[in-house]
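First the structure, then my questions, so here it is.
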């Protein structure tokens, strides 16, 4: 049992203070980054052919390592969630976000009927595992802060996305009506017009599709200007949430003369 | 009269708590989204021809349903605005924003002399009706917040738009003077130059029109850098308004003199 | 003298409350907008030839009107700045921003040796005169606010511009070194590279010039990502100044129970 | 020793109040700007050939001047850091950021084996030396402010960059999988896809590479919309830090209990 606890502490994200602990985390991170570099290099035809064996060896080693790690994590998960029964604790780990990532990043290897292209993408998902290391180190405060801000603004951002969605559908239908006759190939259907609308509203503007009629250009200008508002709105929302969060953690003042805590009592 | 009240409660946005109520809202929303999907798919020539009958049936059903709904809404609107006379209440509903959308989304069908292209755009306007459902659910606080912020910043945003407008006209005239000789076709008139100015100031930059002379490029750089300021200004305005609005709802302080809750009386 | 005062009140921006006052302002504004529309339309060759006489008549009328107006404004400027001697008051008006705009917008007509192209640009400068009407109406608070914010952030924005300038020069020189061999025509000199740097840093990205070498693309990516920071910095500066300005005008609270003013004493 | 002190005061950034002091700073700044203009002009082939001697003379003069200046700065650095031993003070200056820039901007001239292209870039690094003059003048407060804000937000910005990095790698791998078959030349490898991902996420959108398949366009739209969030997050972070910093310098409150000025003691 003591051995199991040692293993648990080795793999756990939060309690880890021993040297081996950090070493393991950095080893796993390095392995993930090595994997991503391999995926990157494999996409170059010349390199893929020449170093075929190297890539294969790294992949086999990674799969074996991550499989053993996954099994260990399942095994020790009852120590992580001690208030749950061993079975429930394991279920909880398996279906947690990082647990699913752990599984997804090794599973495809054992399922030969999944096509090769998907495999590559799935292996990149291992990147999410790097989030674990963020929790460990001195950036954890920032991660928590950004997490809280994104959580607090979720509803407002969703409403903004909904407004963007309506705007995109309206403007693409309108643009399709206007430009379809002048450019039957570029604005062939509303799907194409939607592609134009997204590129314009986000101010990307690839330049592969744009209006050529006077009225189309006028509408495009309006959409592009609204794009500025679309940037301003979420920025305002996030700024506001960020400032609020900073003030929450900081504004407990003490008067240095009389020693009393000066506290703004916030009534929600 | 009791039946009329039941119908009213079924269609009303705010008081609806019964099960049928939410069901009706979701049914209407689904029908609207189905309509939008149809408009989208109809723009693909192959699909339009093959599923002509399906699209026609859905359209007829929608028109019949929305017509009946519109008549019912007029009928029960005297219960919505109880402090008005029945006639005034009906007028008020008909000329409200959502009332007009309700009308506009069915009217074209009964006016055969309106051209087909406009019809398609008009049907997309039904999307605005989805705003009703936003009022119903848990996002209503966010909608109200964003609405208030946009209302509070209206004047400031208008002044910004006016500044953008002056900047666009000045820079397009200037650019037309500079580039007209070097690119008589691209910068054929100020309208073209205005199209360039909008694409540059909003940082969309399609790449279909851009200066080629040295001085033109210099001016274009200045405009693009001002574009950053043009983003920063409304963002600052909206952030500020957002923070103010959040603080209004949250910061209820206690007066240290009398111990009572301070309602902040704003002295302008 | 009473007539002169009447004339003064007619043309003055702030004290104007009479009906004729607003009428005059709106007449001048309309004339300016008519002028801008003419400049716009004149740039279309067909329209320019067909309506030559109309454009000429409008221009002559405008010049005559604006000349008379300019003389009147000089004449009554001693009433505007009553604490100055008549001569100094006139000098002050002539060299004020709006006074110079008034002069510049009529002067070129009397100087036949200035080339036609400049004339067109100069006439557009009349647009600045529309700023006068902003002072009159209900947007004046917003204009003042934006003005104050821009004034308060001037120093910080200048430092940002200086940083942008250094970044532009550094990245364009670097990119010229990298891409000159691969694309001797596109990156022919640092001027061209600077054009690329501006388009990238402001995220306009016309697509007429971009790196093709691996290292060039890497640098371009870094510059584009820094472009996001370049947007974030002035936005943060302006947001902060805006919030400060709003708080200055609003935060004077009164406790509704004991009636005392709760005031944060700000020590600069 | 008195002469050495005079020299020190002449070159020091902060204590300089004499006339010669500012003159020296402005002379150095002018020389740097002249150098940058030369680098700029030299990149134009015609100018480079015609004014070869002028450029060479300026370069020799600059190198001699900056070398003497560098030696003087080393010599007087023991007066700058008086609490250190003369040796340590010199080491400290040599390895300070501006000390290294001073060295880097003259060193390459004495190392003939470094290739010419690098030399040009290195000479541009002298621009950083202009930062010294910013410290001298009235913009020093803004520089300090921006410096503090960037320092305070460092951790949060790093986390944002990490998130951007994960997003870029994920989306480029995914896009490579999707588009590789349809456009084997444009999306030849993940490096190319990464170039697309950066151009899209930063909303630059050169238009040299973009998806053509339906699913690729869909993914591209998602990435572009996320690009808006990627702008919003650092903007919110910087705005918040800026506001905090402004409030720190301005809001010194009075304790209502004891009447003394409250120095806010922050309880984390």
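Lettered A, B, C and D in written order, each chain numbered from 1.
By definition in this document, contacts are C-beta pairs under 8 Å (C-beta built on N, C-alpha and C of every residue); 3 or more make two chains touch, one makes a residue touch a chain.
This structure is a prediction, so every number in the text was calculated from the model and none was measured.
**Q** Quick check for you: after a Cα superposition of subunit A on subunit B, what is the rotation angle, between 0 and 180°, in steps of 5?
**A** 90
**Q** Report the chain whose CA-based centre is farthest from the CA-based centre of subunit B.
**A** If we average the C-alpha coordinates per chain, D ends up farthest from subunit B.
**Q** Could you label the subunit B-subunit C interface same or different, taking same to mean over half of its residue numbers are used by both chains?
**A** different
**Q** Thinking of A-D, which of B-D, A-B or A-C forms a repeat of its interface, with over half the contact pairs identical?
**A** Looking at which residue pairs coincide with A-D, the repeat is A-B.
**Q** Distance between subunit C and subunit D based on Cα centroids, please, to the nearest Å.
**A** Here the centre of subunit D sits 30 Å away from the centre of subunit C.
**Q** Using mean C-alpha positions as chain centres, tell me how far subunit B is from subunit D in Å, no decimals.
**A** 42
**Q** Identify all positions of subunit D at which a residue touches two or more other chains, and write them in rising order.
**A** 191, 199, 203-207, 231, 235, 237, 239-240, 243, 253, 257
**Q** Report the residues of subunit D in contact with subunit C in the complex, numbered from low to high.
**A** 36, 39-40, 43-45, 117-118, 120-121, 124-125, 127-128, 130, 134, 138-139, 141-143, 145-146, 149, 157, 161, 164, 191, 194-195, 198-199, 202-208, 230-231, 234-235, 237-243, 246, 250-254, 261
**Q** Which of the residues in subunit B end up touching subunit D in this complex?
**A** My answer: residues 203, 205-207, 235, 239, 256-257.
**Q** Can you tell me which positions in subunit D touch subunit A when the two form their complex?
**A** 155-156, 158-160, 162, 166, 169-170, 173-174, 176-177, 189-191, 193, 199-200, 203-207, 210, 214, 217, 220-221, 224-225, 227-229, 231-233, 235-237, 239-240, 243-244, 253, 255, 257-258, 260, 262-268
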